[in-house]
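Sharing a structure, written as structure tokens. Questions coming.
First chain written, first letter: the chains are A, B, C and D, and each begins at residue 1.
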Amino acid sequence: MTRWGMVIDTDRCTGCEACVVACSAENNVPTVGEDDAAMGRAMHWLRIERVVEGEFPDTRVRFVPVLCQHCGAAPCEPVCPVYATYHNDEGLNAMVYSRCVGTRFCANNCPYTVRTFNWRKPAWPEPLDRQLNPDVSVRPAGVMEKCTFCVQRIHDARHEADADERELRDGDVSPACAQSCPTQAIAFGDLADPESRVSRLARSRRAFQLLDDLGTAPGVVYRRGGLDLEETVMGELPLPGAADD
Amino acid sequence: MHVVQEELECTRCHRGAAEQKRAGLPPMFVCVACHRHAIPDHPEVAKLLEAYDAKQPILWRKVNVMPESAMVQFHHGAHARAEVACTECHGDVPTMTVAAPVRQVADMSWCVDCHREREASVDCIACHY
Amino acid sequence: MPLHRRDLFKASGAALGVALLEGCARPEPVYIEQPLERSTVPPGASLWRTTMCGQCEAGCGIKVRTVDGNAKKIEGNREHPTSRGGVCALGHSALQGLYDPDRVTMPLRRTSPRAAGAASGAGAFAPASWEEALRAVGGAIAAARDASPARIAAVTGDDGVAGAIWSRLLLALGAPALVLDEPFDRLVERSAAHRVFGVAVAPSYDLERADMVLGFGAAFLDRWRSPVAYARALAEMRARGGRFVHAEPRLSLTAAAADLWLPVRSGTEGVLARALAGVVLAAGRASEEGAARYQQLFPVTPPDLETAARTCDVALARLETTARALLAAERPVAVAGGAAALSRDGLASVAAGQALNLLFGVVGRPGGVTVEGGVDWLAALAPGAAEPEPLAALRRRLEAREVDVLLVADADPLHRAPAGWRLDELVRGVPLVVAITSALDDTALEADWVLPAQVDLERFVVTGAHPAVATAGGGPVLSVGRAAVDPLGEARHPAEVALALAAGQEQLSTPVSWQGIQEAVVEALGGDTRFVASPRESRRAIDGGARAGFLVAAAPAPSAGDSSMGGEAFREPGGTGDDDASQPAASLRLVPFESIKAGDGRGANRPWLQELPDPLAPVMWASWVELSPRDAATIGVQTGDWVRLRVAGSSADAATLEMGCIVSLSARPGTVAAPLGHGHHDYGRYARGRGANLMGLVHDEQVEGCDAPALLDVRVFVERLARPPRKLAVYGRGLGDSEHLPRGWGAHESAPPARSADTRPAAAAPAGTEGTEGGSR
Amino acid sequence: MTEMAAGTAPAHHDPEASLLEVARPRPLLLVGSAVTGLLVVLLFVLWGYQAKEGLGVAGINRPVFWGIYIVNFVFWIGISHAGTLISAILRVVHAEWRRPLTRCAEAVTVFALMVGGLFPLIHMGRPWLFYWLLPYPNYRGLVPNFRSPLVWDVAAITAYLIGSSLYLLLPMIPDLAMLRDRSSDRGGVRYRLYRLLALGWRGTPLQWAALERGIGILAVAVIPVAVSVHTIVSWDFAMTMTPGWNSTIFGPYFVVGAIYSGIAVLLLAMAILRRGLHLEHVLTDKTFDNLGRLCLAMTLIWGYFTFAEHLTTWYAGDAASDSVHHALMSGRFGNLFWLMIFLNVIVPFALLVTRRGRRPLGAAIAAIGIVIGMWLERLLIVVPSLSKPRLPGLDGSYWPSPVELGIMLGSAGLFVFLYFVFVQVFPIVSIWEVREGREHKAVAAGQRATELARAGGGTV
């Protein structure tokens, strides 16, 4: 059984935010304009958290991309009154837009604050709407949304695999953020497969998880600064991820 | 009509239907290729040829429409691959002169039924995303 | 068909729910258009088009997903040797540049007279046809030719094929050289490289195979040359245990990624480079030839670390740490440019940085510096044409009232030039101004004719003469690609406009006639033996290249520039940029930078980028200033306040700008850092009036010995705005306030000592010796 | 004749007669109803506007996803505890002084519930889909998520609304019968209404017995329901892992707060009715004094809970909760917090501790303070926790938008409007209970007199 997961290397992340824009482009994430943005209604599914250490001139900043952690024990799931968000058997924290009634309870109970809400009807003035991704539904006003691990890409990859009658291979699926990362700080794959790239990266002693003390069992593993053999090897080998798209 | 009298396969013209996510329409070129010779003077066919020569694309009314509010991503090819017969959703098109919706494609219970029978996924995000 | 409706009426729960709201709103009948001819892709299917990103000089390899002829998504081309599948934020946003609702899609003729206060916007124009436009412009050119061809001027930001074609046109008309509107620091880099390496090419760096990188002002992870390629290379270098020390007044993304950040006083990077050179020479680490060459360029004995520490205002401990790491390194490489280039002392500073590589002996070596241009389009397509001139040349010609016809293509000089140059007023004095652009930028607002230009996704694209990353560890790389989508409206390739204009002129001295850009490329490449053995193979090579997205030279790059060509010595960089004593008290040093949001300004019309919170100063939909907590306290502002910047100096009519304020640990005390590329007059609904254009504060400070403005030599007074114009959109909070770390993330406690020991300063700087600059001391 | 049949004392020199004159037009009430009626219109216009435009017209944002809609929801549900918890408990313990105020209280319950129950709908992103929270059978096998406190809310509030409505209507039957029998025109709407609701009451001993039993059962049954309702409301917060919300004492804390604010509103309503309807002879100072004492007790209990809640958070001092706690005590919400303490503890205590303070005026002032204070308490539970997420990157702030404030005002209008209408249609004081009380007294007094006489006779 698959357990989709992600490994993010905070040591490779330079905070260039290419992933943020890639995500918005892939998933039809609307922009809300200055006034709503000033109210904290920007809808990015993926944000770059800064961690600042030390005072000038010893300032050290590290960037931590934070997206839906697709928790194994997700706090957002039990509180939804209509099962609009639930855990599917591939470890995805699913969000069913058409079922959502907009109580926003899930968002309150998300310790990572990664869920965003459609406060208004999203607008893409002609011809901006030509860019909209036909494989992702445009969400109406009043529903929650969040990172889906680019579920549409998972489905597409599976359709392709079915078409040429084979199993999904490691690296077949690459979410928009991972795909565009210049330093390949983001890896995506099946954490249940011990041989997958994410599994190997997640085994590092540099690995940690956000707020893991809350017992949310996140599906996203982070790696903090430092060196180990794994890292060096990863550096030289052409990455398996390079096979996708 | 095509199928009954001429024993034509649906996919002979609707090529996208077999693999693509969206079945799409065959280009007018395909219709014309035959109908130049086959019953070119039939009034409807005449309209077609006329439009084609005038390089006027025809607008077809979609009969099976998935309402946007359902936020469903339907993959036609996947269903074809699962050997869902065309008629199961599109009805007995072969005998129709005007395509009519015979199934409420927008009725989720109908989708779910079929998925259950065929042990296809009933995971919500199999379709809703 | 009523049956149809009734069916849909019994819709699913979701549909029912919506039906409840929309009363008995019946679903609109949906129609689909039947395509006429059989196409390669069925309707609704994705087609991935391999091409090159034209958003900046880097030329990353991309694949554009198109559905039914619409561009949906840009992704990196994993096969591309330099970008290796990476794309930056600006690159992704090209889609919104393509589909900008306010894009110029047809020729526009000015109806209202040109006047000051250029914010007249689209209202000042009326649509016209290409025929009218070409007739009018062609006529004006012809007239000018008869009078004196010297009165025709053309400006472009494209130093590649298009630039060469414009040069060819100017040559044929007998007009002066093309004006190249390129990043100012690039000019400085080239001039320095010309004397240091003997080649007038901005060097490119092979960070991946180095084991230590020294940065001098070049923020190559932000928006300098090729952020994508350099970020990847740096990550790989770091992965192998390489070290990275970066000197820059502001904590840019690049500085943030460094093992050690040296927050030097603006314009003193050169002093630092010189001092480090002294260390290397003293340690006898330099090769004979390298040392000789270096001393030829910098005859004076280098300053010692103490002096450097004092001049740069950085703790000595940090410089010693740097020096130690440098001596421990086997293949160090020095990257100079960016902020270092744009102070009065820029030329010498950058040269000092570049010259370090002579001492390291890494010129033309793996893990070193390459000074090799891309295809020399100018020589190939416009033989005999003069080298393009910098923007300052245009200013001089305008001031001398020597221009009757001004053609501007793919450039926005009025946005990018210092306000002190008064280009807008000067341009208003030109009888005919033509802007070939995809959006109503500041230059277009002053134009008589605005001609719709294709954006890069609609063009046949190929890297310019000065590729950011010339080589992929071997032969040089040429990115090339075909149009991903059909042009919107009547947009045309600017170079094709040049060809059309040429076609309209009688007896040109030399013919300017290609069947489109691709033909020109084929011809030019035919002459470059690095890529094609013989001209005959050129077309096939281009076709293959366009399919793959790039061409790699068969022949490897020559090892180094022409060393024999002796560059004359540089004046000793002394950090003259900041002579504190003479500075008015309480004024702050302006530190302009290119942000990942707007770049040089082209990104401003894209909602994705406008709403992208800058990773260090998370402001959206506006530009901002970064102030150190200390200065913020002195001025009495905090994150979210608005401030007014006033140029320090006696002049009563000193320029002022108003911006939001972010109190940030990223700002060096005594400086006020702010992003460039904001404050367009129009440029579409998403950019109009957003933020302020920093160039408004620059008078005409010059980089010594170079035709570039010294942007970092501006001092400003900062005061709090009592009545802020509107709420500043800040994502979360600014960098200023103390952010507690959630347990077990981010911190370095688990990092092996290998990382911190030899690159973190041995001792913390004694208080007071650091972080003071200028009058605020 | 009919009055005899209705089992009531002869009408001559009847002290409760005035109470029966509900139909008498009172200009003040009519004006009040008109004004509040307009507010009701405002409420629904604004709600419609919001449903059309989306919740963007409200001030809520990310991370403060819940705003004063939820605050008002909790607030009104709290108010609704006035009736049952007061009248039911007092009935069960046979507190005589309850008699004049029971109905007044039960009305508060029902209307507060109606208003409170409206807010979750107003709060929803797609309110027209509210029915998805109900477990209605459907072919697709879609059911509500019974693990979600929101679904528990739906169940609890529905049950409470039904229970308390019955509890309001049942004891009203004899009075309705009286009104029915007194009303002059038999064709009138009022007559029809009274006759319908009186359920053919004739006052037979059997009916009296049944009524008493019914009231007795309801009184006992409704208490646990009431308690459960606000416990479940508190679980909307306590069940989450949000710092400042996940608290074991939230259940009782909310119930106490609910009763507290309920009593306050009751005191206020009584004070107003007493003035407006000249009920001085029924709602006596004694009634206020007793209710005031009860209120004082609640003041102390609420204060104790508040203290306990915040002390433990502060003492444990884990990073996440601490930032919330700090924001409450001295940070952005400090002023509001201490204002709440002032209004909820200092003012009521100072007033209600003295006998004079428990007179109608003092009680009313204290009540106003408590009502505002308790609203602030809900606000300070909902907003601060949300504005301090665990990860440092997002830091929230919140200010209600005009639409939100307008809807809040409208909801208050709706409550008062319903109350005014009620007062004009039904007797706001339970006539038969008051009379019963007086008769009990009279009987008791008579017995004492005869005993005295007998004793005296003995001496003569």
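By our rule, a contact is a pair of C-beta atoms (placed from the backbone, for glycine too) under 8 Å apart; a residue touches a chain by one contact, two chains touch by 3 or more.
Not measured: the values here are computed from a predicted model.
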Chains contacting each of subunit A and subunit B, listed by label: C, D
Between the pairs C-D and B-C, the one where more C-beta pairs touch: B-C
Between subunit C and subunit D, centroid-to-centroid distance (C-alpha), Å: 66
Gap in Å, rounded to a whole number, between the CA centres of subunit D and subunit A: 46
Subunit A and subunit C: spacing of chain centres that average the CA atoms, whole Å: 29
Shared-contact residues (touching 2 or more other chains) in subunit C: 12-14, 17-18, 44, 731-732, 739, 741-743
Contacts with two or more other chains, residues of subunit A listed in rising order: 40, 42, 47, 50-51, 83, 98-99, 140, 210-211
Subunit D: positions in contact with at least two other chains: 126, 129, 132, 138, 140, 142, 390-394
Chain contact topology (line, ring, star, complete or other): complete
Sites on subunit B touched by subunit C in the complex: 15-16, 20-22, 24-30, 52, 55, 57-63, 65, 67, 69-71, 100-101, 104, 106-109
Residues of subunit A that touch subunit C when the two form their complex: 10-12, 14-18, 20-22, 24-26, 31-35, 37-38, 40, 42, 47-48, 50-53, 55-64, 98-99, 125-128, 130-134, 140, 176, 179-185, 205-206, 208, 210-213, 222, 224-228, 231-232, 234-236, 242-245
Complex interface listing, subunit C residues touching subunit B: 1, 3-4, 7-8, 10-15, 17-18, 27, 29-39, 42-45
Subunit B to subunit D touching residues, read off their complex: 108-109, 112
Footprint of subunit B on subunit A - complex, ascending: 83, 86, 88-89, 92, 94-99, 135-140, 148, 151-152, 155, 159, 162-163
